[in-house]
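In order of appearance the chains are A, B and C, and numbering begins at 1 in each one.
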Amino acid sequence: MTEWINVILQGVLIGGLYAMFAAGLSLIFGVMRLVNIAHGDLIVLAAYIALLVTQGLGIDPLTSLLLVVPIMALIGYVLQRGLLNFTLGDDLLPPLLVTFGLSIIIQNGLLELFTADSRKLQAGAIEIQTVQLTQGIWLGVLPVIQFIVAVAVIAGLQALFYRTALGRAFRATSDDQPVAQLMGLDTRHVFAMAMALSLAVIAIAGVFLAVRANFDPSIGPARLIFGFEAVIIGGLGSMWGTLAGGIILGVSQAIGAQINPGWQLLAGHIVFLAILGLRPQGLFPKVSG
Amino acid sequence: MTVEHATPSSRVGVVLVAGALIVLALAPFWGARETLRLLAEIFTFVALASLWNLLAGYAGLVSVGQQAFVGFGGYLLFALVMLAGVHPIAAIAIAGPAAALVAVPVALLIFRLRGAYFAIGSWVVAEVFRLLASQISVLGGGSGISLPASIVIAMAPSRQLREFELYWLALALAVLVLGAIVALLRSRHGLALTAVRDNELAAQSTGIDVTQLKFVVYVLVAFGTGMIGAMIFLMKLRISPDTAFNVNDWTAFVIFITVIGGIGRIEGPIIGTIVFFVLRQALADLGSLYLLMMGAVAIVIMLWAPKGLWGLVAERFSWQVLPLQRRLVSAAETG
Amino acid sequence: MPEPLLDVRDIDVFYGDFQALFGVSLRVEAGAVAAVIGANGAGKSTLLKTIAGLIAPRRGEIVFDGAPTGAAAAFAMARRGVALVPEGRRLFPSLTVEENLLIGGQARRPGPWAIERIYELFPMLAERRHLPAPALSGGQQQMAAIARALMANPRLLLCDEISLGLAPIVVRDIYARLPQIVAEGLSLVIVEQDIVQALHAAAHVFCLQEGRVALQGKAAEMTREAISAAYFGV
C-alpha cells in the first residue's frame, strides 16, 4: 500500500516538471496562437547551455540558472523578433513548419556540437537526499524543491498576466492585435516579450530536467509531447489547469511504470487519449482554444 | 456545357509524363541494381509526399504523425507474411484497407484538436503505435525482426527477378497512388477540396461539409500510406519500432519534400522529391549537418517562397503538368 | 495661417487590388471638430484607419503635427498623439473596464486625462470598473471606448461611427460629452452616418462618395441639397 502511495507522490512531483514544460507552451499559444514545435528541443538546449555554464564556470546547476535564464530569454526575444513574428498570420502552415524546421535544426545542431552522448548535470548530495513524511513514505528532496518551484513559476505567471501592465499587454494583444497597436503597443515587441518569458520558464525546466535525468539531443520531442498532453488534459487557457494536467500525467506514467516498466509512456498517452475522447475541452478549461 | 480539364501546358505535360513512365517501366533493362533501388526509394517518397500534400495542402490537416500508418503497414505486412503465410503482394493490398480502418478511430479522436494541436496529437498517436509495436514480442519487440530468407526466396526464382519485381511493384504503387489523387482532384470532391484549400471558411459557406470531407481524406490518405509502408518494409526486409515509426524518415523528409516542391499543388511533391534526392546524393557525407541544412532550407522556403519551387515557376508561367484545371466549354467550342 | 494639425494630402488607399480612396485631401486645424460623412462603403472608415496608421497610403502623404507620418505603424501614430475609437467599439474582451482604460494610457503621453478625470466624466464607467468589458451595454461600451482613447492624451481623436447600433437617447448622451473633451484643445474627426448629429457637432464637414471627397465646407453653410447630392451622387 505504502508502495503505491510513494509511486503516486513521485508522479505528483514529476507532474510539476511537466507543468513547467506545459506552461511555456500554453503561454505562447494564449498570447499569439503559436504552437512551438521546437519547444521540447529548446528545453534540451537550455540543458546544454546549463552544462556549458556549470562546466565552464565551475558553479552548481541552481546557481547556473542566474545565467541560463537570461540567456534563454534573450534567445527567445531574438527568435521571435527575428524569425517567428514573420510566420504569424491566418495561415497555420508557416509557424508550424518553421518551428518544425527549427526543431530539426536544434536537434542536429546539438548533435554536431555535443554528440549523442548522454549527459547529466550534477547537483551534489541533494540529489539523493530524501525526507520521510511518515512511516514508509519517502520524498526526494530535489523533486520536492522542483515541485515547489514549478508551483511558484505558475503562480508567478498568473500574477504577471493578471496584475501587471505587461500581462495586460499580453491579454490585449491576444484579444485584438490591431486595436492593441492603436493603444501604442508595438505588438512585435509584445510577442517577443512573451517568447522571452516562455523561454525563461523553459530554462528553469531544462535545468531541472538535466539535474534529474540523463539528457541527449534527441529527447526534445518527448518533452514537447508531455507538455502538450499536460495542457490538453488540464484544459486550454488555465495555468492552474495546466498544473493539474501535469500532475495527472505524471501520476499516470508512474502508475503505468509500476505495473510494467515498459508501460510508463504508454500509460500517459492512453490517459491523454482517453481525456481527449471523453472530455476534449480538458478537465479545467477556462476558454475555448 | 461541359467541363474541360486540359490546358496547353498540361497537354505537353501528360505526354511528358507518359514518356517518363515508359522509360521508368523499362528501367530494369537499362539500369543497374543500385539505380533500381534508388528509383524505388524515390517512388515511395513521391507517393508519401503526394499523400501528405493531399492531407495538408488540400484538406488543411497538417499531420506530423503519418509515420503511424507507415509503420502500421510495415508491421502488418510482416505479421501477415510471417505469421499467416500471406503472399507479400496480397499483404500490401490488405495493408491499405486495414490502415484505413485503423484511421477511423484515430481521426475521431484527434479531430477534436485544431491546427498545430492536431499536428502534435497525430504525433502522439504515432508514438502510441510505436510503443505498442515494441510490446509485440512475436515480431521482435523493441529490437525488431528480419524477414525470413525462405519468404524472400519464395517471391521470385532468382535474385535479379526479385529486384525487378520489387521495383515494378514500387513503380506501380506510386502510379496507383498518384493516379488516385489525380482522379480525386478531378472529381466533384476534388473541386470541393480545392475550395477548402483556398479558403476553408468560404468553402463551408457554399455548403461543403468540410469536416466530413477532411475525415474522408484522412482515411484515404491512411489507406495509401499504409500500403506504401508495407511496400517500404518489404523492400527493407527488416523492421523495428524505431525504423517503422521514425519521425525523421517518414515525416520530416516528407514535409521538407512537399514544402520545397510546393504545397497544394500536385506537381510539388514530385519536384520536391527530385530536389531532395539530388541534395542527398550531393551532401551524403555530412550526416546530421544534412538534416540541419534541410531544416534551414525549409524555413527559408516557408518564409520567402511559401508556394515552393513549383509554385514559383507555375505561377509565373501558368504551367500545369497534369490536366487539373476546370473550364466551362460551350458545345460550339468543342464542336 | 497656422499649420493644420492634420494635413491629408491627396492619398490613394488600396485593399490589395481594390482602390478605396482616390486622391483624398483633408485638413483639420488644432482644436477643430470635423465630420466625415458619406454612404456605406464610401471610404470613411478607411480614411480614419489610414490616418491612424493601420493602413499605409499607396500614394500621397499625411502630415501630422508638422511631421510627415511616412510609413509609421499604428503604434507609432498612437505614441505621436493620434487616437482612434474603432468602429464597433472593440474593447478588449479579456480585460475589465478599468484594465481597458489603463491600457489606453499605455503610451504614457503627458496631458490632462488621467483615470480619475475619466471617471468624473463617465461615472457609469467608474461604477462598473471591475466588470469584464463585454458585460457593458452598447452605449456604455461606446463611452468606454472613447474613454480608453482619451487615456492616451491624444492631440487628435478619431471616432468611427460612434452612434452605430445605439438608441438615439444614448447617442445624444455621448455627443453631449464631446464639448468637454474638445475644450481641452483636442482636435476631433468624427465619422458619422447620422448626418444631423454630425452637422450639429462639427464645424467642418467632408462628404465622401465612393472614395472621393465630393463636398467640403463649413457645417453651418451647407445646404441639404448640396449634402444629398454629394452623399448619394445624384
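We adopt the following convention: a contact is a pair of C-beta atoms (placed from the backbone, for glycine too) under 8 Å apart; a residue touches a chain by one contact, two chains touch by 3 or more.
Quick caveat: nothing in here was measured; it's all calculated off a predicted structure.
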| item | value |
| --- | --- |
| Identifier of the chain whose CA centre is least distant from the whole-structure CA centre | A |
| Pair with more cross-chain C-beta pairs in contact, given A-C and A-B | A-B |
| Rounded Å distance, subunit B centre to subunit C centre (Cα mean) | 54 |
| Where subunit A and subunit C are represented by their mean Cα positions, the distance between them in whole Å | 44 |
| Interchain centroid distance [CA atoms averaged], subunit A/subunit B, Å | 33 |
| Residues of subunit C that touch subunit A when the two form their complex | 52-54, 73-75, 78-79, 83-84, 86, 90, 92-95, 99, 102-104, 106-107, 148, 152 |
| Of subunit A, residues touching subunit B in the complex | 33-35, 37, 83, 86-87, 91-98, 100-105, 107-109, 111-112, 221, 224-225, 228-229, 232, 262, 265-266, 269-270, 272-273, 276-277, 280, 289 |
| Touching residues on subunit A, where the partner in the complex is subunit C | 165, 168-169, 171-172, 174-176, 178-187 |
| Of all residues in subunit B, those that touch subunit A in their complex | 56, 60, 62, 64, 108-110, 112-117, 119-121, 123-125, 127-128, 131-132, 134-135, 247-248, 252, 255-256, 259, 263, 288-289, 291-292, 294-296, 298-299, 302-303, 306 |
